[in-house]
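Below are the structure tokens for one structure; questions will follow.
As written, the chains take the letters A, B and C, and residue 1 is the first residue of each chain.
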Amino acid sequence: MAINKSNKSKFIYTILAWGISGLIFFPILWTILTSFKTEAEAISASPSLLMFDWTLENYRDVLARSPYFDHFWNSVVISLGSSLLGLLIAIPAAWSMAFVQNKRTKNLLMWMLSTKMLPPVGVLIPIYMLFRDFDLLDTKIGLVIVMTLINLPIMVWMLYTYFREIPNEILEASRMDGANIIDEIFHVLLPIALPGIASTLLLNVILAWNEAFWSLILTAANAAPLTAFIASYSSPEGLFYAKLSAASAMAIVPILILGWFSQKQLVRGLSFGAVK
Amino acid sequence: MATTNSRSLARLMLFPSVLLLLAWMIVPLCMTLYFSFLDYNLLTPGNDEFIGFVNYEFFLTDPAFIESFFNTLLLVTGVLFITLVGGIGLAVLLDQAIWGRNYVRIMVLAPFFVMPTVSALVWKNMLMNPVNGLFAHFATWIGVDPIDFFAQMPLFSIIIIVSWQWLPFAALILLTAIQSLDREQLEAADLDGAGPISKFLYIVLPHLSRAITAVILIETIFLLSIFAEILVTTSGGPGYASTNITYLIYTQSLLQFDVGGGSAGGIVAVILANIVSIFLMRLIGKNLEG
Amino acid sequence: MGSITLKQVTKSFGKVNVIKPIDLEIKDGEFIVFVGPSGCGKSTLLRMIAGLEDTTSGTIEIDGKDATDTPPSKRGLAMVFQSYALYPHMSVRNNIAFPLKQAKMSPEEIETKIANAAKILNLDTYLDRKPGQLSGGQRQRVAIGRAIVRQPSAFLFDEPLSNLDASLRVNMRLEISELHKSLATTMVYVTHDQVEAMTMADRIAVFNAGIIEQVGTPLELYNKPVNQFVAGFIGSPKMNFMNVKSADNNPTATIGVRPEHLVISKDSGMWHGTVGVIEHLGSETFLHVHIESGDTLTVRADGNCDIQYGDKVYLNASPDKVLHFDANGLTLPLEAALKTA
């Protein structure tokens, strides 16, 4: 009797959960399906979910129209480059704050996070002009610098929360065992913190991949990552749903897959250690 | 708890981060501040003279500023409200015993990984378009007039799109937080005779406060500078109906080339953000660092 | 060699003096235990000896050489931590090899030393496991193994047994004592558990609020505590204290009697009271007697004691087993105390 009742509620909850999550996922599913339709079918007033003539033509058109792979490569270089550079700067800082605490540590962390609160428009003009004067407009290196800086506070904070979970005694043990600071960081701290470092890297790759403000403003044809490439579909090509869908699918699918694979670590990283 | 040796080492290792962030914050900010007092337009070069607070006067008294100020407020609070309420609901639902929870999680999480430009384009064209959009088809099918979302309710449409992007984030953080709740607390509440509603109000919700704080903090950081969604869908229109402060300053400085005016706007935006951040920092200072 | 000398060592965090000037000589090969309540500074002093904390003033000499400013990695000491502090990402073998690799030893030498340590500590079967797969007692052994392989001039133990369950703790206590006998290396051992201190130490240093109250062999501390604090800290169950009405010619403010020195009588004695809770341990019985002055005295009686809850009893103690303390808590010499009484 009890089993029956709990199974019944499980059934209801399952239907509800699948229904709602299906609705949330629907726009993405619809985009991917539409990318395989013909333009006529894509705007059909009685759209079909699966029963249509599947075609790869849209993908061929998108690739022919603009150098998708160049933009893809730009996105890879910018997001990965800025995340790796960020790690290089953030790891020592996070080590300091997590293991050599003083009264100012907390204020410093708050300050770092508060730089994230600074609206990009506050520095838009100077950055634009500095970039123009230093020939950094529309270059990958320029965007790597900006992405590194805007994500640095998040990286430091994430790494800090991961490092904090490592007992100080383990690092002290390595000092007692005769390790110097280099050995301590490379042979003890980093291997132990590897999952945390990996998820910091991943989250920042995703944030940088999807960043749109600076990407749209500071790049043009040469260094434009996929966010800017897609924006060029805003009109009037946006009316060609199937091609728009194909381009969109190509922009989001790589990061979607990466995100799905790493969702467990991401959730912890995303909350700055507020949930475990 | 450390030695002098490690303390000086720590300072050395902190140095690059602090220096970079300081430079990133101070240098451009000072330049913005400087420009904001100039009559500086890229279209009329060489004519940049000191004009005091005129730029501020123009910016602050511009009806567009008032409108975009409230739009910004509405956008941030609207999205926060939808994602928190929806997120808590989803988190409670996904915490139940259900079949295929992993697949459900994957589907719910997906919108978070979609870049803003793509989600804006997909919603604008394929879902909300008044002629060929799916919503319009659906409206016709049930026999009502399709809504022209971006003409009739531009800001609300953008709130919907942004909420869709951030709902997964809120839901997943909150779900993880709920799952970390000690089951014995709930069992104790059962024995004390608490019903599902009082269990939620007195045990689950207080347990979530840390996670809710984190969600508010992080979402606010990103929501204050929403840009691409507006650029791609409405370009701030009609009129200024969907312009937020970020977008207003963008149009002023990079579309109208009014560096002075844009800079004054930038400084105003920084001050407003500081007010919000002081408030938020207090909140997390108490709540996040247990 | 492993003598450690502390000269006027102090430590303060800001304005708080955690360690007030301490002088202590730890002899080569000695097993010394720092014991005291939590927050008394014993762990801080150990960490200062290790070099993990700065010394605010004074000097720490190791083997006659000033090591006050030497970093921990260069002091030649080994430490076993309360949480074991094993490297979670390394196998047991690599955990033990880590200090040897840091000392740039040849792989063959490392192999021999690991095999040796594994044999002493019965770790052979676990060598390729990760710490996460071991029980608390096994982890403790690995931590000790990691400490002994490098043949340090002294071992520092920071409450090493406090995370183990009671029965395991007794076993490990014996093993560490055994290890000390066979290695004959200096060991400095911090604990808050006076039983550990009494059973393992050659000498005990009793800490309280940043100072050492008394240093001596376990029996010295038990029989001749210098003050009320040491008297109360050493011995289990705790010594009973009773306040004495002050009189001009009598400096005694408090008297103390250990539970094992109280004798129960049915008809007469120095104190009269009602029996409260009775704890039967089989080998002995602890009675909590509420006496007329309002104090509760703990009495250690025979295992087969037939006294019931609520019985009225008299308690006696031989005068030479009663300790007298003055108003400052210092122990008064027995003869003087008895004369004035």
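Just so it is clear, contacts are C-beta pairs under 8 Å (C-beta built on N, C-alpha and C of every residue); 3 or more make two chains touch, one makes a residue touch a chain.
Bear in mind the structure is a predicted one, so any value in this text is a computation, not a measurement.
Peer 1: Using CA atom means as chain centres, which chain is nearest the centre of all the protein shown?
Peer 2: Located nearest the centre of all protein C-alpha atoms is chain A.
Peer 1: Relative to subunit A, which chain's C-alpha centre is the most remote?
Peer 2: Farthest by centroid: C.
Peer 1: Just give me the whole-number Å value for how far the CA centre of subunit A lies from that of subunit C.
Peer 2: Result: the chain centres lie 54 Å from each other.
Peer 1: Indicate the whole-number Å distance between the mean C-alpha point of subunit A and the mean C-alpha point of subunit B.
Peer 2: 16
Peer 1: Just how far, in Å, is the C-alpha centre of subunit C from the one of subunit B?
Peer 2: Distance between chain centres: 57 Å.
Peer 1: Find every residue in subunit C that makes contact with two or more other chains and list them.
Peer 2: Residue numbers touching two or more other chains: 51-52, 71.
Peer 1: Among the residues of subunit A, pick out those that touch two or more other chains and give their numbers.
Peer 2: Not one residue in subunit A touches at least two other chains.
Peer 1: On subunit B, where are the residues touching two or more other chains?
Peer 2: 1-2
Peer 1: If you look only at subunit C, which of its residues touch subunit A in the complex?
Peer 2: Within the complex, subunit C touches subunit A at residues 50-52, 71-74, 77-79, 81-83, 85-89, 98-99, 102-103, 146, 150.
Peer 1: Where on subunit B is subunit C touching in the complex?
Peer 2: Against subunit C, the touching part of subunit B is residues 1-5.
Peer 1: Which of the residues in subunit A end up touching subunit C in this complex?
Peer 2: Subunit A residues touching subunit C: 167, 169-170, 172-180, 183, 187-188, 191-192, 194.
Peer 1: Going by the contact rule set out above, which residues of subunit A touch subunit B in the complex?
Peer 2: 6, 9-10, 13-14, 16-18, 20-22, 24-25, 27-28, 30-31, 34, 43, 45-47, 89-90, 92-93, 95-97, 99-102, 106, 108, 110, 112-130, 149, 152-153, 156, 168, 181, 206, 209-210, 212-213, 216-217, 226-228, 230-231, 233-234, 238-239, 241, 244-245, 248, 251-252, 255-256, 258-260, 263, 267-268, 270-272, 274-276
Peer 1: So in the complex, the part of subunit B that touches subunit A is made up of which residues?
Peer 2: 1-2, 6-7, 9-11, 13-14, 16-18, 20-21, 24-25, 27-29, 31-32, 35, 90, 93-94, 96-101, 104-119, 121-127, 132, 134, 137, 140, 164, 167-169, 172-173, 176-177, 180, 210-211, 213-215, 218, 221, 224-225, 227-228, 231-232, 245-246, 249-250, 253-254, 259, 262-263, 265-267, 269-270, 273-274, 276-277, 280-281, 285, 288-289
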